[in-house]
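Here chain A shows up in two complexes: once beside chain B, once beside chain C.
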Partner chain A sequence: MNFDPFVIPFNIGLYFILIYAVVRCIIWFRELSRPDKLRLQRGFFGRAFGQSLKEIFLESLIHRKILKSNPRLGYMHMSLAFGWFLLIVFGTIEANIFSEKHLNHSYKAIFFRFFHPDHGKTFFENSYAFLMDLILAFILSGLLIAVIKRFSSRVVGMKKTTRLKPLDKIALTSLCLIFPSRLIAESLTCGAYGTGSFLTGSLGKALASFLPANELAYPFWWLYSLSLGTFFVLLPLTRYLHIPTELFLIFMRNSGIRTGDKPGTYSEVEVHSCSSCGMCIDVCQLGFTTGINTIQATYLMKGIRNSDELYDVAHNCLMCGRCDNICPVGIEISPIRMIVRRAEGKEYMYENTSKGYFRNRLTVPAPKQEAGTSYDFLPRLRQEKTDVLYFAGCMTHLTPSVKKAMVRILDASGLNWSFMDEHGGVCCGRPLMLAGNDREARELTNYNSQLIEKSGAQTLVTSCPICYKVFRESYYLDAEVLHHSQFIKSIIDEGFIDLNFLQKRVTYHSPCELGRRSGVYYEPREVIKHVATLEATAFDDENSLCCGGSLGNIMLSRDKRQKIAEDVCSKLTECSPDSLITACPLCKKTLSQATGTRVMDIAELAVEALADTPGLKMPRSRSKKKLLKEPATSLR
Partner chain B sequence: MEKFGFSLSKARVINYDANDRGIVRYIIEREPSLKLCIECGCCTATCTTGNFTDFSLREIHILLKRGENEQVREKIRKCMLCGKCILVCPRGVNTRNVISVAKQAFRKTEGYEL
Partner chain C sequence: MGRHVVVIGGGTAGMEAAGRLAREGVSVTLVEKGNELGGHLRDWYHLFPNRRSSDEVLEYLRGLVSHQNILLMKGRKVTGFSRKGDEFAVSVENGETINADAVLLATGFDLFRSERKEEYGYGIYDNVISSADLEAMFRKNELKLVNGNKPERIGFLHCVGSRDEKAGNIYCSKLCCVTAVKQAIEVRKVLPSCKVFCFYMDMRMGGALYEELYKEAQEKYSVSFIRGKVSEVAVNIQNRLVAKVEDTLVGRPLKMELDILVLMAGMEMSEDGIRLADEAKLKRGENRFFQPADHHFGTNMGNIKGVFYAGTCTAPLNITETISHARGAVMEIVNYLNQEK
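Take a look at the complex of A and B:
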């Protein structure tokens, strides 16, 4: 027996998905920019290829990252992905070894038991059947967890699971039906012929004892084939497209392609690679503190896939980067969110054609140039020559204690320094960028760049991590940009200031823009350890929380910000420290309104510990000391 | 007709009822905290832009509420969205979003009325 009509739905599904995959790949490849095409070609024939294969095995099949952070959820994903993979591989081998001819049709492997019902008589055949049963049991255990997760997500250790659209539900149902129907179909056939191993054999025997097994098996083979076919045909329209797309994502990422700031093939592949696993929902502070459960990364990806209205989803986000960190697929969520923010003004980023099977990107119309500049009122400022230039930033001007502390430290260091925005400066431009207004931001960055250029400074010190990030990444300065925590660390190392050790227990709140966004964790910690006892918290470094004051979110109301700040404070002051240390004036401002514990900036802590040094009495910018060594760059 | 040396002077009244309050309605719908503004002027006092020019967020709020949109359209572009005003606002008005939504409203109504 070589053919039966019930395999037709499966065959239609399989060939449809294969042809679709080829066409889709060609379209995606053609839309890549020229340098990216070269990168991909080089990656495909180079060392990146092996690395990609390894990553595909570890991440797409074993799901190592999910396993690490949440073993039960990881087991669920692993059993479905790795188990299915094993079932296909061993099924193909089985079909090729045991059937009369080799190189069979693909359906022969999938429906092997139907075409060879009396298989399993000899010992070797029987042990192979045992292996296949074991794999099936492995998958079914994962499926059981998945079904339970649908009803109660707490079981897998998740607070929330993703909401689905109707088409996803149909695909999910067909996916859930695949393996149980296979189990029943195989069991009934095995029961009728007295074959099968521990799972199919014993279940088949039990069923065959009171049911006409041979007649009943046939409809279940139909169900098995139909659910496979339905799943394959619906795959491109649902979130299950992530199964094939993730492979491309891994290849592209290992070839060195990055998201950038315009929509393109890579961002589209990323969007489709989101498996809606929901890991980003659990780490989102807007979710677990303020109860906003519509804006998380997985919903952003879903919204882009479905061409939904995304203004709220894109803008109501703290841009803290906690989801970028946790994403097991490694999707660069924040750059994609910024692309959506920039695309504001036109209705959709993507449009659907052919009922969603092929989606075309809309060409972004160039924004209408408004006459003149927005900031032509800015004065031509004079800037004296100096070695170290200090830029306090808008937020530091609102927390004068930080500013004063920095002035004292700079004076004490004896360096030749100058205060760039002593009488109020111009914004660094990052708040405008975060709101998606890049053109306006460029006017401000140009203005500040000229000023810094004029000063001839070798070092630019800033107190605000928001400014620090933009100075480093968008300004193209000759001067080295240092956050004040890095600066304090370097002058301690150089011996320009002496600090006493304070009898204080403190905890450290790592600001998002300084920590996760810029990778500066080491220096602030070192400075704090130099002068006080630093207590560990459950939210250190990569796992740090956002204070809630973030300028990345333009929509969040003050009540909700306050709620986040109170939540963060209660978590960071659990060990009742003497003070809560942070390195960002905005964090300080937000947190100090939400706790009774004293919130201090790292500069204030350093000033408190400042021993009397001769430099302190010297007027500013007289000394000829210079930073000799290159200050330590951040340890990522 | 006898002339007494009197004449009808040009009207100096601003008729708020005749003004287009569509923009402010659009903003309040999206950022209801604008209603909380008591026009105290703290935002203007701390403003980065206000340091260099006569830009005043308080004035903008008043003009928007009155529906004198044409004056706002140009002025509003001077804002740098730096966010100091949010931190000093005693009433918790989300001033950055007011500006952002107002810009959006002006972009949408270029040549149209809401």
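Take a look at the complex of A and C:
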């Protein structure tokens, strides 16, 4: 027996999804920019291919990242993904070894038991059947957790699970039916023929004892085939599209393609790769502190897929990057959010066509070229020659204590330095960039670049992490750009300043823009540890919180911001430290409104410890070498 | 029921109410946390709108409270109170408890701590001072810079901690505008050569004779009023203050060199008042002041029977209004005591 009509739904589904995948891939490839096409080609023949295979195995099948952070949830994903993968692989091998022919239709592997009901008579056949049963049991255990999760997400250690749309529900139902129907169909067939291993065999025997197993098996084989077919046909319309797209995402990422600032193939692949696992919901401060549960990354991705109105979702976000950090798929969420923001509530850049199966790019009219903005009002370029240039930035001018402390430190260092924006300089350009006014921002970056070049400085020091990031990433400077925490660390290392050890217990709030966004965690910690006792908190480094003062959100009300700030303060002052240290003027301003504990910038702390400060308790007595665990950023 | 009332707070409202209650034959215990009566009035030099000395008003209040029916308790804080039947037990520091038939809260206000607006540099730059600091200078007759020099340019910055969502206060403290006008005139009188600027959002001259004072400041004393708030303050090489401000009427950003910047700090619910409210479960409004039972005809009463409010613990009020409000409280208390009897 080689064919039965019940395999038709499965076959239709399978061929549909294969053809669909090919067509979609061609469309995606064509929409790639030229450099990205080259990257992809190079990646295909290079190391990226092997890396991708490894990553696909570890992340898409084993789900290593989720397993690490949440073992129960990880097991659920692993059993479904890896189990199904094993079932297909071993099913195909089984069909190819034990069939009459050695090249078979794909349905032969899936419905092997139907076509070979008496399989399992020899010892070898029997042990293979045992293996197949084991895999099926593995999948079913994961499925059980998934069903429980639908009713109570706490069971898998999640506070909240994602809400579904109707089509997702149909797809979810068909997905849930696939394996139980396979189990029952196989069991009944096995029961009728007295074959099968521990699972299908024993269940089959039990069922056959009081049911007409052979007659009943046939409708279940139909159900199995139908649920597979339905699932495949609905796949492109539901969140389960993430299963195939994630493979492309991994491959593209390993080839060096990044999201960038315009919508394109990569961002679309990312959007479809979101599995709606909901891990971003639990880490979102807007969720757990202010109760806003509609804007998290998973809802943003869903909204983009459905071409929903997204203005609120895109804008009501602190842009702290905690979700970027936790995303097990590695979707670059913040850049995608920025793309949606730039689209500015226009109907978004895609619309769904062919009943949602394909999406066409909308031709958004190019913005009208405004009458040339004049930047005559910028102050005349005037900058003396210097070695170290200090740029305070607008936020630091609003927290003069930080500025004052930096001036003290720079003076104490004895270095040849100059204050770039002492009497009000030109903005670093980031706010204009965030607002999408790139041309205007360029006027400012050009102005500042010229000023920095004219000074001949080798080092540019900024106090504001926002400026730091933009000077590093959007300027092309010869000077080395340092945040003041890095600068202080390097002048301690090089012996330009001498600091005492203060009898102080402190905790450190790592600013988002400096930590998660720029990867600077080490230097601020070292500076603090050099002058005070740094207490650990549950929110250090990558897990640091947003102070709530974020400039990235223009929708959040004042009281909710305050709530976030108070929540952060209470978490960071749990060990009742003498001071709460931060390294960003905006964080300092926000946090100091929300706690009785003194909030200080790292520069203020350093000034307090400056050796010539009177009234110090303990003289400095430690070797400089201890600080040099990592190569210090040198003052060239 | 007896006729004994505990008045908490010995500022303008507390003194006025205690004095008037005593004259109604009620026995009063007036509890003041400080060592002297008079509250914020003691820090003030002259009062608007007619620039009479605050000492004259203090004199009047002191006269009122020296009465046989009043027992003074100075230097003692009230830690809480509770109602037991018809009586209140008011506990004072050192473990003492006073029984009372009614309690009058006259806990007043705290001046907004200007350090909280760090961008103005209070506590960071020497010559950034608060309006209260300026009054103290007037009282000592020492209007000068930290280095002893005579100021040539003084700026007044309105709405520090008032009408400021970021500072957590959206309400108007309503007295700072006229105080700034009064202080500007006084500066010009003491130092005729000194230039004076007021940086304001709106001039709220709603009281009797306020508008006249404002006009006088412009015409007679040549005070410059600039509509726009200071955004940030820095110092230049000569250690002179530089204030960045936008003149919103002209639509131009300005940089002003100043010798002294006076911050017109707003009024906030006093911390002791908040503590008492939490202790005794008294309702507070969104502005954190005590919430009166009715905004039109119940401003002296709260959510607990027998507890009354007087003065700035309910909202920012000037001296005139505070005294009237305290007299209203006296009438309510006397009614209450008579009824209960």
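Heads up, the rule we're going with is that the second predicted complex is superposed on the first by the 593 of 636 C-alpha atoms of A that agree within 3 Å, B and C clash if a C-alpha of one lies under 4 Å from a C-alpha of the other, contacts with A are read in each partner's own complex, and residues count from 1 in each chain.
One rule holds in what follows: contacts are C-beta pairs under 8 Å (C-beta built on N, C-alpha and C of every residue); 3 or more make two chains touch, one makes a residue touch a chain.
Everything numeric in this text was worked out from a predicted model, so none of it was measured.
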Query raised in the report: Touch check for A:Lys149: first (chain B), second (chain C), both, or neither?
Result: neither
Requested in this report: Look at A:Lys404 in the shared chain and tell me whether it touches chain B only, chain C only, both, or neither; answer first, second, both or neither.
Outcome: second
**Report entry** Which superposed partner A:Lys589 touches (first chain B, second chain C, both, neither)
**Finding:** both
Report task. Once the structures are superposed on A, label A:Gly424 by its partner contacts, choosing first (chain B), second (chain C), both or neither. Result -> both
Query raised in the report: Given the touch rule stated above, what does A:Arg558 touch, chain B (first), chain C (second), both, or neither?
Result: both
Requested in this report: Count the residues of chain A touched by chain B and by chain C, then name the partner with the higher count.
Outcome: B
Query - chain A residues contacted in one complex by chain B, in the other by chain C - result: 397-398, 423-424, 558, 589
Query raised in the report: Contact residues on chain A for chain C in the complex?
Result: 397-401, 403-404, 422-424, 558, 562, 589, 592-593
Requested in this report: Can you check the complex and tell me which residues of chain C touch chain A?
Outcome: 116, 118-119, 121, 124-125, 165-168, 231-234, 236, 242, 244, 255
Report summary line: Contacts from chain A onto chain B in the complex sit at residues 344-345, 370, 374-375, 377-379, 394-395, 397-398, 423-427, 429, 431-432, 435, 437, 440, 444, 549, 551, 554-559, 586, 589
Report summary line: Touching chain A in the complex, chain B uses residues 31, 33, 46, 48-49, 51-53, 77-78, 80-84, 86-88, 92, 94, 96-97, 100, 104, 107
